[in-house]
């Protein structure tokens, strides 16, 4: 049987075996493998144990173990395999294995799944770090027959998505335990979703972009509808699904037309073929642009393709909303940058005004519509539309030649910071929402400051950061974007942006006011049992995001530096 | 005797036109039909219109890539079918109906 | 060509007649609609609710699972065409591909998505199933099965 | 240690209160009362000592070298490859900023001390001090910042603290609303400031004072005027100038120490500071100066008329603050920054004193704030009364108290300046001075003299008592400063007694010098100002020395109806003046408070909000919740995009 494959045949019929570049496709492969492992584990252990039992120490081991291992690994490479590094590595492996072993022996399926998931995601982070080093030292490259690009932007986007995935896993864990839902499935879906986003970040071929887009979208549809206790969740799932499929189809038609116009779907090839096309017959390409912009505009929640956002953000389980806000936007913006800035920069006079318009409409619609809302999740959904508008400012000046690729790095920086602010805010909202997520209206936040001063304070921090108050990361993010616009001489859009930020400040202020204004009849002292439960995974998430929001607000230099070096887009 | 339509040569443009027409029918169908399942079928129609377009372009460009892409689109569409039907079934079980306009708990 | 002319004329006549009848009926016919006339069954009894339409969810589930797995198999055809040219690399690649398909299949088996009829009864008796893939999305089914699990 | 080494330690000045804020926010409950108050106060005092050290260090340098930038760390390094845009967390020590930090830290320390007594037994005692410290830190960053961005950061910080402190007693709905109003109004101003910053940055490529300001003269006239006006919009918001003044009177909902520190002495002067700091733009800004001067004059006069009709002890002071801020902008507008800063310092002394005195009265009267239910309190609280009277004399412009010198300086500068309508500005200032003297006298008589109109018996008996030592001590210190504060800058050029003016000179380089055309004329103007002040006091005494009738009707309100006969008989001239003055004044005051303030300006602010709400509501109606309408939205968006791209197709 094997001989069938090994038997030499006619040399002319031999096909050159593609070489698998494991470094280039490492992160998605690792995540996908982890997802499969979870599914397998869930299948094998099904029916024997269904506990949601999860000890805090397991979470700690699952979280710290892989980090320890990879720190040890990097230090081992650096210091020539000294004993200390090896010990750290072994300790990391040990704690993961121990947590895994105990979970399986005690038949805690969910705990074991979480260990696998966290190990996978953190390992993927480590691989992106390695990729970053390669890109920084020896430049960008493509692999897998040109379908995968490893460049600064891809690695940056992957990093942000992976960090968001870690937070999503932690928030999801807490939520699954609270709502008593199917844990392993949720974690596997989250990993599949992240896989799609990673592929999208480094996709160098329009078809790979489409497939990646579908992979993460389909997983997101299911995750949105995952909460079977809440009809809102299923409704949001249906809406997201129908509209998402619609916009994907539009995007795909755009791809088809672009393929017809340029003769290729590979972004590098397309760019090369453009030089002959510029000034020629470009009808197909223009329609293709419009349709691709619709598809991607839908995913980043830019107005006027935003209408699903409030409904879906509100209806989806809060950890999913957090992940959606943090990761989907980044991945979709990554594709937007890669396609339009990287590949079609020669035709920027055609698409830039369109993106400019989207940015303005998004900023205005997002901030104005948020004013009249009474549901906190919905308010933040609208504000996420406005944030998409700010990023679009960066995108549309990304091709400006003066000031380097200022727009790209501004957009990437903004996305990274927005991920932290959004995840942090939604983490608090998840806790305040209580079981079945019943408490998310403004009234439910009344008197929160008195009952839970720390939570209220942290939510205030995240909201102030989103409003762009100085010394928080949000301020620096807005500053970079507006500066990119001003550098490019686009004073008007920066003005509109600032006006929109001023309006949006009211929205955040309403939430803060609500928390700090006392409920007249509410008791001043927290009633025991009425307190909110903040378990370890949420604690880790909130404190990490809060610390980073403050850190990047005071010393943003490091991340700015990274974002600046992340501007290399292969096709461009 | 010459056939009635013998003078017309079917070029790729015709396929492209049919594709565009199918796509439009799908899009309009999604906008005007209220039954979730039919809306869903309209999306499938749009995807298949794109498939036709891809194949037509592949023929015109004399490039096999366009045909290979159709495989991917098909698979993606199948996965979408599965997930979409699951969500629709779940909603149906709860509401005893598949009218899209009734699903408007979240709004404003 | 001439032989076909009557045929074409006939077709044209049919179309014209049909259109003319419709237009005439719209123009000439008296129209005073009432609710009874608008009802689906003109029997004079107003329907209280839409007739319940039963459809087996299980059937849908199996069909969906089938579609996904079946369509994935489509990739085996191109592989078969170049199998020998690819050599061992191809074997490894397709093995991984099939494995990736097998794991979800195992999952489907484990949640009982493919078990129906008498088999499902037997499985439920042996293994208390609390969750099915339906349950992920469908509360009604879960409520039905949780009782047996406890 | 070298003087520059000392100046390099200037980062300690804002950092000390910042540390206090962090510690108290985190561990305030554990530290408890009154220890957290002492901690905050001592950190503030240390910061004051640091400011004094910095003052001497800077003074030891030659006047040319008095400009030292200390970069603590680089906050935002360059963004983009070819851009040299960096923002340093830098502090600028020059005479202007040192003057500011000296009086900010000094007065802050006193008010912190006072608050220990005032806020005693408040459930959120330590939280209050955390906010106060945070405010002080932000204010110090504001004045010490070495770039517009640093100043803006402090600017936002003080705004936030102001908001937090106004609504500190958020259990009271009015306090929460007042805080919101302050926040909203300030956002309007901040928006102007932000646009000004972007203009400066886009035109000059830097936000650092050291780079941007000297380069300003190279800009076109239009740009400079635009920047100046936008900066002034920012200043108007923070310093509560007409028509953005509406938040300040409501801000009195905050605890009294807050009113004294933030809404009288320090934060509200940030606008004056900003204009002085960026005076280049105003010097070259053409008509911008006139706008500033006239807005200042309108505010000075308008607020003074409104103050006459107020019965709340703190609201009188609030309108008075508005009026005095108007004076400062008048001075800035005519180009005399040193006069404005001089008045800012003296005003900080006596207005803080008056507020704290009012706080002491409120404290002693069990939170009674209505002057109609006070009276004759000087027997019960002698020290408060004595110090309050000093503050009153200072604000009324009686020599040799502090207010006289600074106000006189402003009026003289207005007279002698070559700004269009300088004489008219002077006249407005003079009328406002008359009114100031009048309403302050009214307050003093209503509160401390005349008949006691509070219940001293019964269930709700009020027993006025003197305040504790921690509250009285700051009063005494501030009254001392209110007496001698004027000697900082006496208007005598020959023996060089204009200390403050000479000291500030390096910071205000390029600003025009306004000199009295003759000593005699200047002297005559001063005498005129004194006469005006005394007249105002005399009218006030005439009208209110008898206290109020039992029903509490205010003589001014009833156009002197009840007093008519007495005045007619004995003091016909006084009465005539009073009658002539009070009639139209009451009308004007009514008009201003009711129509302009409440309807027009509040209406405009609310109207803008409503417009946005309407728009939001419109968007809300579009969001029907139906999938098909959303798909239609996507489709319409797609059609719009297709339409655009269709125009790009080359046929």
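Letters are used for the chains, namely A, B, C and D, taken in the order the chains are written, and counting of residues starts over at 1 for each.
Following the convention adopted for this analysis, contacts are C-beta pairs under 8 Å (C-beta built on N, C-alpha and C of every residue); 3 or more make two chains touch, one makes a residue touch a chain.
The structure displayed is predicted, hence computed values, not measured ones.
Centrality annotation: A (chain centre taken as mean Cα position, compared with the mean over all protein Cα atoms).
Highest C-beta contact pair count among chain pairs: A-D.
Each chain gets a centre from the mean of its Cα atoms; for subunit A and subunit D, those two points are 46 Å apart. With centres defined as mean CA coordinates, subunit C is found 34 Å away from subunit A. Centroids built from CA atoms put subunit D at 73 Å from subunit C.
Between the CA-based centres of subunit B and subunit D the separation comes to 66 Å, rounded to the whole angstrom. The set of subunit D residues touching two or more other chains comprises 620, 623, 625, 627, 631.
Counting only residues that touch two or more partner chains, subunit B has 27, 30, 39, 79, 86-87, 90, 94, 100, 103, 105-108. Residues of subunit C found to touch two or more other chains are 137-139. Applying the touch definition to every pair of chains gives A-B, A-C, A-D, B-C, B-D. Those residues of subunit C that touch subunit B in the shared complex are 1, 4, 50, 52, 57, 60-61, 64-65, 67-68, 70-72, 74-75, 78, 134, 137-141.
Across the interface of their complex, subunit D is touched by residues 27, 30-32, 34, 39, 100-101, 103-108 of subunit B.
If you check the complex, the residues on subunit A that touch subunit D are 238-239, 242-243, 246-247, 250, 279-283, 286-287, 289-291, 293-294, 297-298, 303-305, 307-308, 310-311, 349-351, 353-354, 357, 365, 368-373, 402-406, 409-410, 469-471, 476, 479-480, 482-484, 486-487, 491, 494-495, 498-499, 502-503, 505-506, 509, 513, 516-518, 554-557, 560-561, 564. Touching subunit A in their complex are the following residues of subunit B: 16, 19, 23, 26-27, 30, 36, 39-40, 43, 46-47, 49-50, 53-54, 57, 60-61, 63, 65-66, 69, 72-73, 76, 79-80, 83-84, 86-88, 90-91, 94, 100, 103, 105-108. Every residue of subunit D that touches subunit A in the complex is listed here, in rising order: 73-77, 79-83, 85, 152-153, 156-157, 160, 167, 170-171, 176, 180, 183-184, 187, 190-191, 194-195, 198, 201-202, 609, 612-613, 615-617, 619-620, 622-623, 625, 627, 629-631, 633-634, 636-638, 640-642, 644-646, 648-650.
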